[in-house]
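Down below are the structures I want you to see.
Each of the next two complexes has subunit A plus one other chain: subunit B in the first, subunit C in the second.
Let's turn to the complex of A and B:
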């Protein structure tokens, strides 16, 4: 027996299921017969069922009796549903011979109206093999910690079971990503659900079968380059590309997209958006082109993504008037609560909740009484109690020397941005400084250490 | 690094095959690993720079095309233009903050030709002597304050 696969068939209201070893040549009709005989054996008291009384539902479709398993996009351990037919439909669903994934593949190429004709021809497309067409989607799987191909599935929005058949196939990403766009009929017992809910599964060969229910994020900007578009960065035609969400739909290959993200991350040039989060726009710089699904940045790899998350948290904290503990190796984020009844002189005292370092919020120095010393941009109180308790005096001296040396270097060559306090090094050029930290961008004068004005330009622009 | 060289290789073939009017590249002026180019440029006819010959130096970092190239005029004839300093530095926004990886050597050359061609009076930038004295060798380290938005 060649090409045996194991299929799980759910049939009862209480989640009863049946595992069948089936050949890939086996038809849906044959499955129905085996399911019915199993049900009749278990439920001796109830009236016996006939194969024509049930329907087999998989991925939003009622499968045709004549279909063979190998044409159904079913894999090992796939789950299909056998349901009692609620109402006999007189005409067979015209689409029942195409699986959902294939239907969407055929249609997702036509999301731009001008290319309708090209889209309809995808069945003759030479670029993609049939297997590739079935795994057309790219997903980030939290279980595999990887970006791989994914499978589109659909369930009832009400009972969350896969027992729903769709009234029509989704025709664009909006149908899939926005809830409530596509209606259907749920065949699960007494459930009267009528709204389809699309979701994705990891189709990686390495995905552990027992974790089949891990939900994954679809990375809808990543596509197969079936139109052979040239990458805007490397000028090569590559198989897998990212299509930016700009009006021009600029195309960058997946490798260049990774480099683009990493170089923007290392320059801290991601953009913070109150709705989307920490993100990037089209590499060409098109307007209104922010990437909404930030899991696309998973492409950078595990380590860089952690850095991305840390930067995002810091930017978000600073935007919400929080502070970052200035103690080296701490950097904990602290939300400061202001209490109107408290003595205003004490308002700037902040205690770090992670390392207990006490500092002044205004000058980011160790806490002090009286006014901030504006010139002491960076100094480190190495003799604070929290330090002396944990570090012996010899290593404390070593670290003190190290720290003071590097701090002196930073202090000697930098001035803080008057707005966000990021130390800025001036390496020649004029006195007009523009803070490069994303989200700040403050224009300031190196001499006045305040906002750049026309007076600065007239008086000491270059010296 | 490899992708940067692949891209530059394609740009070099493109500029040799179909150079913009007045632009040429002598293969002898392409540095090792394609990281430095010298592009020859003729002033367009009917403009103030007609008959003049200029040379542009392009330097590419390993982060190209995500990082902009360093572009300066070099040689004995630096065009006298309100956006070109006498040390060859060019005040052009696409060379710094408006750079995009979709731009190329050809598009930079076209921008510079159009910048020169639209000039109505040959003069140096108003702050030329101060800038040339104080600036860094690399124009990319200059934070440009654009004199006007019509470049």
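Let's turn to the complex of A and C:
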């Protein structure tokens, strides 16, 4: 019973399927015979089918009768389609002996004809083991919560069934990622679909079989390093690398890419782009090199990715003139609606929709009538008689002590950004400060507490 | 390994592999010619995601290097990229010796002297090189 795999074969218009235990030596011809006998058994009333009347379609290709299972990139619980042949098309056999994955192992974003001579292993697919062949695509699977190898599949853009055969193989990533680039013929009953829709599946061994049809995000910048390019950061040659979308296609190994992302995230140095979102560019600093598929940042791990999402939401909110509730442990994002009829004195009054804290939009302190107290945010007058009389003195003292201490600490260790007044702590380095708050980015001098100038650099850059 | 760079050497410290003893020869045709300048280079924990810290140990009269040996060089600050290496950093420092930039000064007095009376400034730089960078 070695090398037996279970294959699900869909054959009916209503999604009827049968599961076959097949040896890896089994040919497509034999599958056809077993499918036909099964169909004939079930549909006693209909005219019986012959193996020649059906075609086996997998991953956008009609599979040749002589092909063996082990050469088809089929895994346990893979789904293939058996369809009645509508008409013999002349082009369908063009590449039927190669599977889609084999045909596109060397996908790149632009045609790299000039570079093909560098390709070492990929010129000869037979040198690759099936495990290697699988690892040409990397995907993020929301089910496994992991980055793993993926499988390229194709379906009909109209009926969404995998019963489509492609007219030609995709030759670059654009063919795969942009809808409508590759045409095909759908063999699903009366569906007249003619456009191929590519998608990816998780190929992880740990992927739950029941979820096998969930499509996953392809991380097309992550590649198997078959050209043995050295990493731009650590200068080692590693198996899995990220190729930046810059014109030079700079290569960084997957580990350094992760550290690069984490260090940029912790410095809050991701770039916000109105089309892409919160992203990074090539680590060398090339122009026009923003990473468009932000799922690549999944590499940072679950916890850091959550932080990334929070930062991204905050940046987006602040850039759209929203505010973030200043209450500790809240931080909810609020869009303030402007109402012309409202009393101008009240237009800075914001009520947090999450914690109901009422604060002033200008100074981000508790709401007050009249002008904001300039930089005296810390002199809370909690000793005033009217305040302490109304509450239990012990708890009043506790909260007073807590409040004063943390406020004193903040006051003692920070200086406000001269532009947006965000308290800033200086943790070593020179006197040149750059505000990391979204939409501010002010360059200022820690000593002068004003804009950073040449004189600052000359006179007291370091003290 | 890349070719060694003429006039530059960097040797890791015996007790700390992140700390390098660097020696840069004053470039030909510059007022630092003939001098041998010692620098220290330290790779912080975050290297190569953040820049190495470099400082001149030998006294030098240069508008972009202050009296404590700190260097005003963009690639050591905001223009840093993980693709840059110790080699590129030291080459840039050597280039800075060949081409001082008094418009982007760190040592204000030196820069002013360099702008007002370049001849005098170069003379002083030569003198300092002889005094501090040729003692062996």
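By our rule, the second predicted complex is superposed on the first by the 371 of 463 C-alpha atoms of A that agree within 3 Å, B and C clash if a C-alpha of one lies under 4 Å from a C-alpha of the other, contacts with A are read in each partner's own complex, and residues count from 1 in each chain.
The definition used in the following text is that a contact is a pair of C-beta atoms (placed from the backbone, for glycine too) under 8 Å apart; a residue touches a chain by one contact, two chains touch by 3 or more.
Quick caveat: nothing in here was measured; it's all calculated off a predicted structure.
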Quick one: is A:233 in contact with subunit B, with subunit C, with both, or with neither? Answer first, second, both or neither. both
Using the touch definition from the top, say if A:250 reaches subunit B (first), subunit C (second), both or neither. both
Using the superposition on chain A described above, determine whether A:285 touches subunit B (first), subunit C (second), both, or neither. both
So in the superposed three-chain picture, is A:458 touching just subunit B, just subunit C, both, or none of them (first/second/both/neither)? second
Tell me which partner A:263 touches in the superposition: subunit B (first), subunit C (second), both or neither. both
Touching A:433 in the superposition: subunit B (first), subunit C (second), both, neither? first
Footprint overlap on subunit A, comparing subunit B with subunit C: 232-235, 250, 252, 256, 259-260, 263-264, 283-285, 432, 457, 461-462
Note: in the complex, subunit C contacts subunit A through residues 46, 48-50, 66, 68, 70, 72, 77, 79, 81-83, 85, 104-108, 111
Under the definition above, what is the set of subunit A residues touching subunit B in their complex? 232-236, 250, 252, 255-256, 259-260, 263-264, 283-285, 427-430, 432-434, 457, 461-463
Interface with subunit A, subunit B side, in the complex: residues 3, 6-7, 10-11, 63, 65-67, 98, 100-102, 127, 130-131, 133-136, 141-143, 145
Name, in rising order, each residue of subunit A that touches subunit C in their complex. 232-235, 250, 252, 256, 259-260, 263-264, 283-285, 432, 454-455, 457-459, 461-462
